[in-house]
Amino acid sequence: MRLGVLTGGGDCPGLNAVLRALVRRGVSELGYEFVGVQNGYEGLILPNLTMPLGLDEVRGIHQKGGTILGTSNKADPFAWPVKEDGKLVTRDVSDVVLQRARDLKLDGLVCIGGDGTLTMAHKMAERGLKVVGCPKTIDNDLSGTDQTFGFDTAVGVISEAIDRLHTTAEAHQRVMVVEIMGRNAGFLTLEGGLAGGADFILIPEQPYDVDHIVARLTEMWETKKFAIVAISEGAFPTGGRQAVVEEANTVPGRGVVRLGGSGKVLADLLAPRLEAELRVTVLGHLQRGGTPSPADRVLASLYGAMVLDLVRDEKWDHMVCLRDGKLGFSPLGESRKERHVDLGSDKVRLAKSMGISFGA
Amino acid sequence: MRLGVLTGGGDCPGLNAVLRALVRRGVSELGYEFVGVQNGYEGLILPNLTMPLGLDEVRGIHQKGGTILGTSNKADPFAWPVKEDGKLVTRDVSDVVLQRARDLKLDGLVCIGGDGTLTMAHKMAERGLKVVGCPKTIDNDLSGTDQTFGFDTAVGVISEAIDRLHTTAEAHQRVMVVEIMGRNAGFLTLEGGLAGGADFILIPEQPYDVDHIVARLTEMWETKKFAIVAISEGAFPTGGRQAVVEEANTVPGRGVVRLGGSGKVLADLLAPRLEAELRVTVLGHLQRGGTPSPADRVLASLYGAMVLDLVRDEKWDHMVCLRDGKLGFSPLGESRKERHVDLGSDKVRLAKSMGISFGA
Amino acid sequence: MRLGVLTGGGDCPGLNAVLRALVRRGVSELGYEFVGVQNGYEGLILPNLTMPLGLDEVRGIHQKGGTILGTSNKADPFAWPVKEDGKLVTRDVSDVVLQRARDLKLDGLVCIGGDGTLTMAHKMAERGLKVVGCPKTIDNDLSGTDQTFGFDTAVGVISEAIDRLHTTAEAHQRVMVVEIMGRNAGFLTLEGGLAGGADFILIPEQPYDVDHIVARLTEMWETKKFAIVAISEGAFPTGGRQAVVEEANTVPGRGVVRLGGSGKVLADLLAPRLEAELRVTVLGHLQRGGTPSPADRVLASLYGAMVLDLVRDEKWDHMVCLRDGKLGFSPLGESRKERHVDLGSDKVRLAKSMGISFGA
Amino acid sequence: MRLGVLTGGGDCPGLNAVLRALVRRGVSELGYEFVGVQNGYEGLILPNLTMPLGLDEVRGIHQKGGTILGTSNKADPFAWPVKEDGKLVTRDVSDVVLQRARDLKLDGLVCIGGDGTLTMAHKMAERGLKVVGCPKTIDNDLSGTDQTFGFDTAVGVISEAIDRLHTTAEAHQRVMVVEIMGRNAGFLTLEGGLAGGADFILIPEQPYDVDHIVARLTEMWETKKFAIVAISEGAFPTGGRQAVVEEANTVPGRGVVRLGGSGKVLADLLAPRLEAELRVTVLGHLQRGGTPSPADRVLASLYGAMVLDLVRDEKWDHMVCLRDGKLGFSPLGESRKERHVDLGSDKVRLAKSMGISFGA
């Protein structure tokens, strides 16, 4: 059995641990052979983007962030950008992918990635490619699996950042706003905010009310003279998401470089109404990189080894998942709608009971 | 409502986060008042061992290991050591505890601790004390709850230690043995060993075979010239636990001070049969202390806030727990037998499939 | 001897370690008594801003960032802001400070702070107050002392951040720009960039040339397809500091909230000229807070204990310092001009020899 | 110019950063070529122990502990162990080394190691080999240079360990003894103990008096009921080093595996005389491995680049060093006697003034 392996979408701590476990099991237990496909699907569209993937390549990489295979946010076999007559259009190049897989003598392809990557994998399966999948999403917003690797590591970065901001907030009696990954789901902000001891947890699932926040800050100031506000990238004030979006679009220069969105929007709304000083910190890419946490290494390793159960049993067009604390499988074609923080959950209720405000 | 709070048994990262959440919710949402009982049940037996426990005392302590209340491994209201006629005997002083609780005008008592502490709590409940419980065990070996705080932090220490030993093992071509907490259950060794990339995971649930280990090391040496062996304190060779126990009893000096047990036993068994150098590291108390991990802070906080649901609803003689990923309650009197690593689980199967040896 | 103690200026890891060492030595060896003055000089101008400062208050605080005394960037006895006729003016309130010191029965005052705080201390000394000083500057740009606490901790944050960005840069083939503290001096960027393995180190001492950077990136892309650019807040392109300043002034909203300056300026200059994607991360306040590094704890402790040599020997109007690796003293009134990175030093020469670009 | 490179002696965080800087400068600035010699001098005595050492091999390794070249504590060209007539004898094989260097077409050899490795390098220089050296010693006890890489990283491990033990000590009211590297010099114990806030710092330079320690503990117990004792491997009680040595020799089993020495000796001496519980932790190999600290990465990188100044200028038989804060050179043949903690230094005086006991 000769398998291609690719990693697609944004990078995420634990990808290398998946690769290591996959290769270790494949080579030593099952006698499989692996071909590393570089930069996501790009490596099956453009030439010369494969690399060896054996025991030597994966030794010790479980400690390393990123992915030794490289990744791509953009390479899509069904919408591949090409220039025609000077214009950028997209083309279906899935035939190229099929041909490249044959040229590389692949008996199957392991796709490790988020919803985009897995959906493309399913569509390639429909076109006849033998694929299996391994889910990846750092913000844990993928239904079809309870937990994904990368999340715990990111929570660690967020929690440590809040710890750091805490000491400055207290020493200078400031409001520190920290902007956290999560466009549509607030899991990272909720978990990181709880771990770090944030006073406010503002998430996309619950539009925040500026009046409420100002009132709460004023009240808090009577006992302690600082506050930490944890806010998701995708959080927005009541009255609509519009304000955040407009802000994002009107940053001058309009180049590639935008720094922070929701944190700055909130701070600009609060600043005129508070005496206390405000500071915004945008964690951004710090949340994606670095050594995976132990829990993420374990989960990623289990996924990596488990995905070969699918190959061994020829359960193509499926992915591994974790449901109710148990490893299992689900069809790649099954709809994976976005998961959201349940505002009625015990976790949210208990967070509120401790005096944490959700902004409304 | 005026509640006493005590922490009993070995210390464990997250205890302070429990206390903080408990007090924050109690004071701000429910209007309760708290009395800190020091050094476990000792604070309800001896005089002058209480302290204030309000918002000021718990501010920022979720980041701190240990317990601001102090703890005790030994104080048992039903077997309290007293000297009589120059001899040390134990007495039932549960009457003293009841009287002290009345003197302190306690409407209830929150007991945070392991199996010992919780069993005493149940027995005090049978004697008429209004108690609720919060489970604690760093090695996750308590049935009645799926997960306990402290475990994730300890795995972090173990995993980081293995990472450190790895570089030296490789540079010097050595076998590094690392002895990990867990007298009866191998959860910490399994999880830490998987995260750290150990080559051997030796746990109490599976007696190890020295011949097998020697053979495996010899085989491994052909491809890479070092190995990491993660071993639980309670792991022992086939032929019985006896050898480990005897070793422990024959350490010279016989004072209080014993360093390592199972790691040294293994190393002494292997040393004459290997050419490679061996080194033993005993993690010991490093696994208990320090800042709790984010996941442990969150779990401990949820437990701390949740335990007041029990008080509010007058569900005395119960404890909080986590089952199948959901927060809930169970009776304190329910038998809490020890949990063990399931050798037939997917986790163990997949670990083996990656080439990790369990020693037999 | 009864001493007041204050911390002034921006917070900095190690301040609490200074306080702990000061109080431990003062109380246990010399029999002194201490009064904590809160929020810098504010605590000697406004009423009710003092706190006890004894062995209990300082226990274990060497591990904590921030300052238990609080600090202020603004409180200046010689330019204290007051509202008169609805207008904000500044007044000399040094008489108030003298009177408050008498009221508090202080025999002396220990001022821990940066150039601003120390200059005010000297001016108070000229007005008759008995003061001694302890220097503090996180970016190590204070002449009069070779090394200051806080710097090593900040380098740790920067280096870890670069490690994290590294994995994402490599996985996505991006240019990652990381903006680092240092308005006038590039020490943190140089040290953090060297430790983190940055490809570019852009500092205020050396205006950067965009053409050079583009050329260098193009050249680098032939062997590895990612780059890390470490840039000081105060770095600017050739042609003048003007561009950075203007950018800073034209951020829309013009509120209190500005995110990043030099990093965004650079990225906007580079973006139109590169095919590779760019991302900017602004470390900001993450560099100030959190647990001090071991080296900073030691240096801060030595300073804290040493400053009492000055008090004991009645060497008022002096501060402690470290020169040529030796602890010593220097007059507070001595001019402390800013220190800068020496572009002709061995450190810079060797950094360049390893292929690191300084932007020109 | 074609240079061999070897690393000898115990491994030490920073070795890989030396290699990376050396190769980066050598290849990109000077056009040199490198041959990796494996396992110290062994790679110049036995066949097939060389590896490529170019830009690809050193990419990103500054973050990694250990040494990618491997090392050896034992390989000595002037005392190489061989079996003759069934007996193990040592032979001078320096001729073999010279011949291997010629076979490999080496124009010079870079030796990175401690006193042993550097002394051998000097003796090889006397036999005609062109060698330059880079000093390495984790415990900073090498005269001829003020500071060595690895030390700061080890202090970080020690300080973090003491932080962890602190919380348990406090929660359980125990005396925690932590045994730290340093057979002959107490630098690591002094620095780690100061950073971690130890109550006792026991080092080889100052024999400790058990009566004094007991008295001090009793006195301390009146205010706080726990203590941390930091003790060097080589520390011993007054009355002589003999006790420690005998203990070391009488450990049963007498196999390779000895756990702890000085810590256990102290604990056995204290245990019968204290009511409080004692626990011993031996840090051992945890102090050697893992990611180098930022300061160590910088120092190691500067050394690695700087050593090529020696090669370029044909200053053979010299090593790089740091003296009075300045990078420089010194002859390899110069006597490098051991450095010791100066008991009369300001650092020790100030530590004592804060209430830290040195055991006598």
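For reference, chains read A, B, C and D in written order, and residue numbers begin at 1 within each chain.
Please note the rule applied: a residue touches a chain if its C-beta (ideal position, glycine included) is under 8 Å from a C-beta of that chain, and two chains touch if they have at least 3 such contacts.
Since the model is a prediction, treat every value here as computed from it, not as a measurement.
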**Request:** Report the chain whose mean Cα position is at the greatest distance from that of chain C.
**Result:** B
**Prompt:** What whole-Å value do you get for the distance between chain B and chain D if each is reduced to the mean of its CA atoms?
**Reply:** 34
**Asked** What is the distance, in whole Å, between the centres of chain C and chain D, each centre taken as the mean of its C-alpha atoms?
**Response** 32
**Request:** Could you please state the distance in Å, as a whole number, between where the Cα atoms of chain B are centred and where those of chain C are centred?
**Result:** 41
**Item:** Touching two or more other chains - residues of chain D
**Value:** 163, 166
**Message:** Can you tell me, using the touch rule above, whether these chains form a line, ring, star, complete graph or other shape?
**Reply:** ring
**Request:** Sort out which chains touch which and give me every pair.
**Result:** A-B, A-C, B-D, C-D
**Request:** Enumerate the contact residues on chain A facing chain C in the complex.
**Result:** 7, 10-11, 13, 15, 39, 64-67, 70-73, 157, 160-161, 163-168, 170-173, 176, 250-253, 255-257, 259-260, 264, 267-268, 271-272, 277-282, 284-286, 288-290
**Complete:** The answer for chain A against chain B in the complex is residues 21, 24-25, 28-29, 55, 59-60, 62-63, 146, 152, 155-156, 158-159, 163, 166, 191-192, 194-197, 223-224, 293-295, 297-298, 301-302, 305-306, 308, 324-327, 346-347, 350-351, 353-355
